[in-house]
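Chain lettering (A, B, C and D) follows the sequence in which the chains are written, and residue indices restart at 1 in each chain.
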Amino acid sequence: MYLHLAHFGVFLALLAAAVSLPVRSISTGARMAFTLLGLSGLATATSGCMGMLTGCSLNLVLPIGLPWLNSHQHLDPLAGFFLLIVGGVTAIISLFGPSYVIGSVSNLAAARTLAFFTGLFVAGMYLVILAADAFSFMVAWELMSVASYFLVAHDHHKKENVDAAFIYLLMAQVGGLFILLGYGVLAGFGSGFTFTDMQAATLPVHWQHIAFALAFIGFGMKAGIVPLHVWLPQAHPVAPSHISALMSGVMLKVAVYGFIRFCYGLLGTFHWQWGVIILLVGCASALLGILYALMQQDLKRLLAYSSVENIGIIYMGLGLSVLFASNGNPVLAALGLVAALYHCINHALFKSLLFLGAGALINQSGQHDLNRMGGLMRLMPITAMCFLVGCISISALPPFNGFVSEWLTFQTALQGTVLDSGVTKSIIAVAAASLALTGALAAACFVKVFGIAFLGQARHQDTLQAHEVSFGMRASQILLASGCLLLGIFPSAAINSMQTIPTDLLGIGLSQVESGGWLWLTPISARASSYGAPLVLFGISIAWAGAYLLLHPRRRKTPVRYSPRWDCGFGSLSTRNQYTATSFSQPIRRIFRPIWPIDERVDPPSTAEDGGRYSVHVGDWAWEKLYLPLGRMIQRSAKMVTKIQGGNIRTYLAYSFFTLIVMLWIVI
Amino acid sequence: MNFTVLTLAEQIILTLAALMLFTSFLLLAQTRLLTLIHIFALQGALLFATTLVIAFTYGRHHLLISAALTLGLKVFFIPIQMQKLVTRLDIKREVEVVGNPSLIMFGAAALVLFSYYAVLPIRELSMLATRNTIAVSLAIVLLGMLLIISRRKAVVQVVGFMCMENGLMFAAVAATQGMPMVVEMGVALDVLVAAILFGIFFFQIRTEFGTLDVDKLNLLKEVD
Amino acid sequence: MNVSGWILALGQTALLILLAPLLSGWIKWVKCKFQNRRGPIPWQPYRDLAKLFRKEVVMAQQASPLFRATPYLVFSVTVLASSIVPAFAVGLPTAVIADVIVMVGFFALARFFLCLAGMDLGTAFGGMGASREVTISSLTEPAMLLSIFTLAMTFTSTNLDAMVLHTLTQPFQIYPSFIFAGMSLLLVGVAECGRIPIDNPATHLELTMIHEAMILEYSGRHLALLEWASMLKMLIFGVLICNLFLPWGTALHLEPTAIAVGLLTLGIKLMGIGFVLAASESVLAKMRLFRTPELLSLAFIIALLGMLGHVILEVH
Amino acid sequence: MNALYLTLLLPLTGAVVLAFCGHKRIAGRLNLLFCIATFITSLRLAADVFFHGSILTPQNFFYVDAFNVYLVLLNSFVGMTTAIFSSPYMAHEQSIGKVKAGGMRLYHSMYQGFLFTMLLALLTNNLGILWVAVEGATLATVLLVSLYRTPKSIEAGWKYFLLCGVGIAQALFGTTLIYFAAVQIMPDNNQALMWSVLYEHASELEPTVLLLAFVFLIVGYGTKIGLVPLHNWLPDAHSEGPTPMSAILSGLLLNIALYAVVRFKMLIDPALGSNIAGHIMMAFGLLSFLVAGLLLHRQRDIKRMFSYSSIEHMGLITFAFGIGGPLATFGALLHMIVHSLTKSAIFITVGHAAQVCQTQSIDKIRGLIKTQPEIGWGLLIGTIAIAGLPPFGVFTSEFLLFSATIKSFPWLVISLLFGLSVAFAGLFRHVQPMVFGECPTGQVKVKANMWPVAVHLCIILWLGIAVPDVLAGWIDQATIMITGKGVL
């Protein structure tokens, strides 16, 4: 029943793609398409929610696909959870979409393709989650990739956009092949390509490792773990903002879903080495992600890098979970899994929120570069408030949702002492350390973002033209922001409803979550740790009210007087006196110097009046040390191979001649 | 094997085989176009003779037709056409430069040995006396390829190609006493058409490149 | 849901809030004595606060609502943080509201808004202060978390209450890792409260200041709130360090005598720690800003060593 | 039965008729008409085979079974769609004076002649005739390659002619050897070249001879398939001939040669009992696959590039046939279909693109989506399809190939992975800038008939989403014939 609802959602998404082709005007097209998308999002979200809550697993076989391998579909708690994420965020974003598209897209053909592929993209994501056999999974997966490729290449008049799209599609394709191989290994030992067959498969240990490695690389390439992340910071900035929101907020989660499905659902067995690998890669992604984010000036590029960070945090949770599972502590494994999943939904919410906010900013100010923004809080208060909420959540500050998932991850890590081997224990300790560091750096990063973009004075003329965005765009941001708050305030309820997932995958749930009452979140036990999010909010507001009433200006006869800013007596400050994004992160750049390839250059003043130029460009080691050399290597070998095509016919004949001789030699 | 136990016909066939092989060597050694074409005609004639002998000895009368085709094509039509062509294009006196002839000769000899070695298993198998003609024909085919590879004149390459054809025909005739009729016809037809097309190409190449030196034909290549 | 418990909890919070200025006054006083100066009386901070509260508020025209809201938010968050540390008694109902990670989160939240407020007006100082603050906190916060994790792993709990209770009830035992944890927590405390050698609360020399640079534009009651909050924060750190490492004397049961003892011991401990801080401040000199990261990363490494030492040596 | 003869006679008469009136304006339509008729008859033929099983004519001259009938259908279909494209295309070429009237006559008549030879090669029951037909196909197309009379085209024609001629000669030697082996055990010489007969006695044939023969055959027909290092004629011939020719060359001719090789493999495997023939094919296939993938990166001419992609895919299919086993064979047969459909569609779009920009050099073709959207999208989607991205059929077959390879030769999968990624990058880095971006001045819209492309791509899409049971059952029959057991 709910499965059919989900398929109805898929149908609606495809319909949205279809209707957008024949339309005559941009606005009607966008409205129709996004309305259908919104409905599809609602449908899938409800079905997913139901699938998660009921905890039962529904199956269905569609008469498409290969003749002997019809497309199997399923809906179990895990799939339901991720459907909820995808559907929900899609539904909210489809509020944002219309006015954004109308505002930013000028020509009809572009609008059509945009809407068309958005529909396909969303449908693809639904189908990936619903797929229950390797073939339909791969088809849906690549449909998702290809559709999003067209969305990234949407504005194809800039060369860098096209290049970004190329890198994106190439890596998506390679990743897809890895995943395919992973499934192939499972199917090779099992009886077939349906998930149930693969679960039944029994692999020798080294083949288990191979399958795991393939899946880890394949899905990691989509999820954007270091060093497979290079496509993210290139692709996200160039896509339209609501698409970036979908890609970063949702598509990465779909990759995580695939990974969880593969490890927990299909492989079924756990090895501590896997846990360590996932954990360490997670740490690396989290730390490097946020450090690179700190150095960015392009807002969306920064957000993309911070997605790498958050994926890293999710992988940390997964790694811990796998470690505990391999060590025979299912409860803690469940805790780690829940922490990861909770961070998934949180990141989906606040990252989409931030990307939408960024879209609104860029739409209004026409600037991608933080160093040209500033003072937008006065011009777009609602967007600013929502963006602030997003910043607080992503910096993992109470009482918002980001904090809860990081708190859960910490709690999981702190249980590391139950492990047997000292090595894994100390690795967990290090992981906890890097998570702590990540959190602090994230706060720094988003202080910078909000402070530079919204506070202070406008650093560029165009920024002053900005004004508050349309109702739909505001509404979607407000919805996402309130989602962040709700998940932050009532974590225990949310986690309780997620119980079915670990119960389904690991055979055990978190019994203790509400042991201290619904007000307190007590993942392990009431003694070990407790977090009463509602009480925290309550306490803060009480204290606030108290302080405010006590010192209320009217009751104390001292009104507020307004005056110019303190300028050290040097006369009025210009906007150039402000700190910029670059200068703000300069101390940190100085501390963690060798982390980035930095090209810092100062041009001396050419004339007396202009003060010279200072520019700093931060590259990416992974790109410069891994990908470029690889590309060069392939180019070299290609050049070598061309020698066989020398153009002389007698040489060609000689090839044929000697091939014949050699072959004869071989066979006799 | 003992040569004397063979019947006269078989002895004749083997001798013809040897002669054909010899003509191939002549072709390799020959540097003048016109003589080359004449030797090619001679090889055709030998093939024709072989076919006749086999046709009569084993009473394969359909071989007579293919013999006639061979005579018509390989002995008269193609050589004559080529001769006309060479005179028309005025390259009959042109001397082919061959990269180190003695080396090529040694290579050719090695090829002959190789082909004997290669068809060893077959020779064990056949109950026909003419079985080791397969080795000869293989040698002729390979020598034909060698000729094509080692010469730069398009005309000579064509001769080499036709020489390969001779080898194939010889194999078909001597080793298996002739393919079915349809096949023989079809092959002959192909050879005819091929010959005509080659003629056309000579003119096209000549007009576009001003020479028949195939080494000049290297506009299309990947290396840069 | 015991009423007396809640009353006590509120009482403890109120007490900490009220004691906070006294502690910093005491430190100033001791410091002056060290430097052979007639310092202000220990309760001078109360007078300063009172004066500030009376003064009118002068606010820049460019100030946004966020700028106005920040003092209240910082103050209330700090107050909430103070309500969850077990000061003189364990088993208070407020203690379970949040564990130590959340408390670190509170400080981070306060800092987040303080930095934003600093950047709000678009003055050079605000941005500078914010930038430096986040730089330093990005090192101190993880160090603090780690040093606390060492304890948390030992006591298998992140609830401060449970930790203190554990040390009080279990037989006495020496944990080598605690030495590391304690040292790094001290360093962190010094950095977080903006004391020498990281920052100097006494000076307003623009190029060196961090905390002061952010609140430069505040005046009147807002400034008072912020100052009070920072005093409170220092007090909380003091209480935390005392009660985590030497919790003895803290009341186990909520009965008058025990509580009296608890109060007394708390007072003594705080005076002691204030004395130590004053002593160290008068012998140390302030560091250059770009040397501070070395110190703080030292704190971070020490904390990490403590944690590793714990998981490797002490877990069986 | 009549359908069979009609299928052969129609193109033959077409060739004769068009030889006389090929230069008239209606020639294009006439050409198309013959193709359509051929397609219909071949449909009928296919239906016959599908319902009544394989057909063997009296004196077993023709032999139609599931394996070759689906190729017959494919041939006539692609021949038809390409004819649709060819009439406006060639009209344009004639109008800009690249081709003279005589050229047009030659073109049209040879178009039909080519179709005839290929159908003959497929339908005949006689190895010798198969050889004759394949050689005939070469002869029919060789003048078309040099149709434009430019030095390059003549050079390409010459290379095509000589290399394929020599190669095919070797194939004839192989055929002779097989005949030789057959006559040892068969009284009737006339039967000794019949597939239908040979299959019955396959196991009795002398293995060593067959092996020797197979070497000659794979070198011979492999030249026509375009296996590295025998492939050198292929890019030249594809890039220099008129585009419809390139479309059917890489869409059909390569398939025919491969068909011949597979037939021989079917004949040889039971005699040898081992899969050595398969291993030879795998080696050739893998080599071609990798080399072509790398060469894609170095292309400057758009048609050359796609011909290399043909080599790559042919290599993949040869590899798959070499693996043997039902799954791989099924995948290979499917890949033959999807590849020829996709590739011909791509060549059609490429032809139009080249007309739009009046050049074939990749650097000069830009912003097609802006100039003529349908061509741009056609090229882009075609490339995506040929690169093996779902939801297109190429992915389906590659999926099967991968899973088969993992089952039997797990470690070779790595090279497949590498090759596919490299080839993908090589194709896309060139196609993207051609399709996207701003269009340079001087590009003119041309009268393009994109229906064939649309139809092909829709079929590919269909095959990618769901392989229809009819087709699956059909391919499965072929698989059973080749490997002895099916997948279904």
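Criterion: contacts are C-beta pairs under 8 Å (C-beta built on N, C-alpha and C of every residue); 3 or more make two chains touch, one makes a residue touch a chain.
Because the structure is predicted, anything quoted here is derived from the model rather than measured.
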{"item": "Chain located farthest away, centre of chain D as origin (C-alpha)", "value": "C"}
{"item": "Separation of chain A from chain B, taking each centre as the mean of its C-alpha atoms, in whole Å", "value": "70"}
{"item": "CA centroid of chain B to CA centroid of chain D, Å", "value": "31"}
{"item": "Chain centre separation in whole Å, for chain C relative to chain A (CA means)", "value": "35"}
{"item": "Centroid distance [mean C-alpha coordinates] between chain D and chain C, Å", "value": "78"}
{"item": "Contacts with two or more other chains, residues of chain A listed in rising order", "value": "642, 645, 649, 653, 656, 660, 664, 668"}
{"item": "Touching two or more other chains - residues of chain C", "value": "none"}
{"item": "Residue numbers of chain D (touch at least two other chains)", "value": "158-159, 162, 166, 170, 208, 212, 235, 295, 298"}
{"item": "Full enumeration of touching chain pairs", "value": "A-B, A-C, A-D, B-D"}
{"item": "Chain D contact footprint on chain A (complex, rising order)", "value": "63-68, 109, 135, 138-139, 141-143, 145-146, 153, 156-157, 159, 162, 165-166, 169-170, 173-174, 177-178, 180-181, 184-185, 187-188, 193, 634-635, 637-639, 641-642, 644-645, 649, 652-653, 655-656, 659-660, 663-664, 667-668"}
{"item": "Chain B partner contacts - residues on chain D that touch it in the complex", "value": "126, 128-129, 131-132, 135-136, 139, 142-143, 146, 149-152, 154-159, 161-162, 165-166, 169-170, 172-173, 176-177, 179-181, 183-184, 189-190, 192-193, 206, 208-209, 212, 235-236, 239-240, 295, 298"}
{"item": "Complex contact set, residues of chain D against chain A", "value": "158-159, 162-163, 166-167, 170, 208, 211-212, 215-216, 218-219, 223, 228-230, 232-233, 235, 276, 280, 291, 294-295, 297-298, 369, 373, 384, 387, 389-391, 395-396, 399-400, 402-403, 406-407, 410, 413, 417, 420-422, 424-426, 428-429, 432-433, 436-438, 464-467, 469, 472-473, 487-488"}
{"item": "Complex contact set, residues of chain B against chain A", "value": "114, 117-118, 120-121, 142, 145-146, 148-150, 152, 214-215, 217-224"}
{"item": "Sites on chain C touched by chain A in the complex", "value": "53-62, 64, 66, 72-73, 75-77, 79-80, 83, 96-99, 101-102, 105-106, 108-109, 111-112, 115-116, 118-128, 130-132, 134-135, 137-142, 145-146, 149, 152-153, 156-159, 162, 206, 216-217, 220-221, 225, 289-290, 293, 297, 300, 303-304, 307-308, 310-312, 315"}
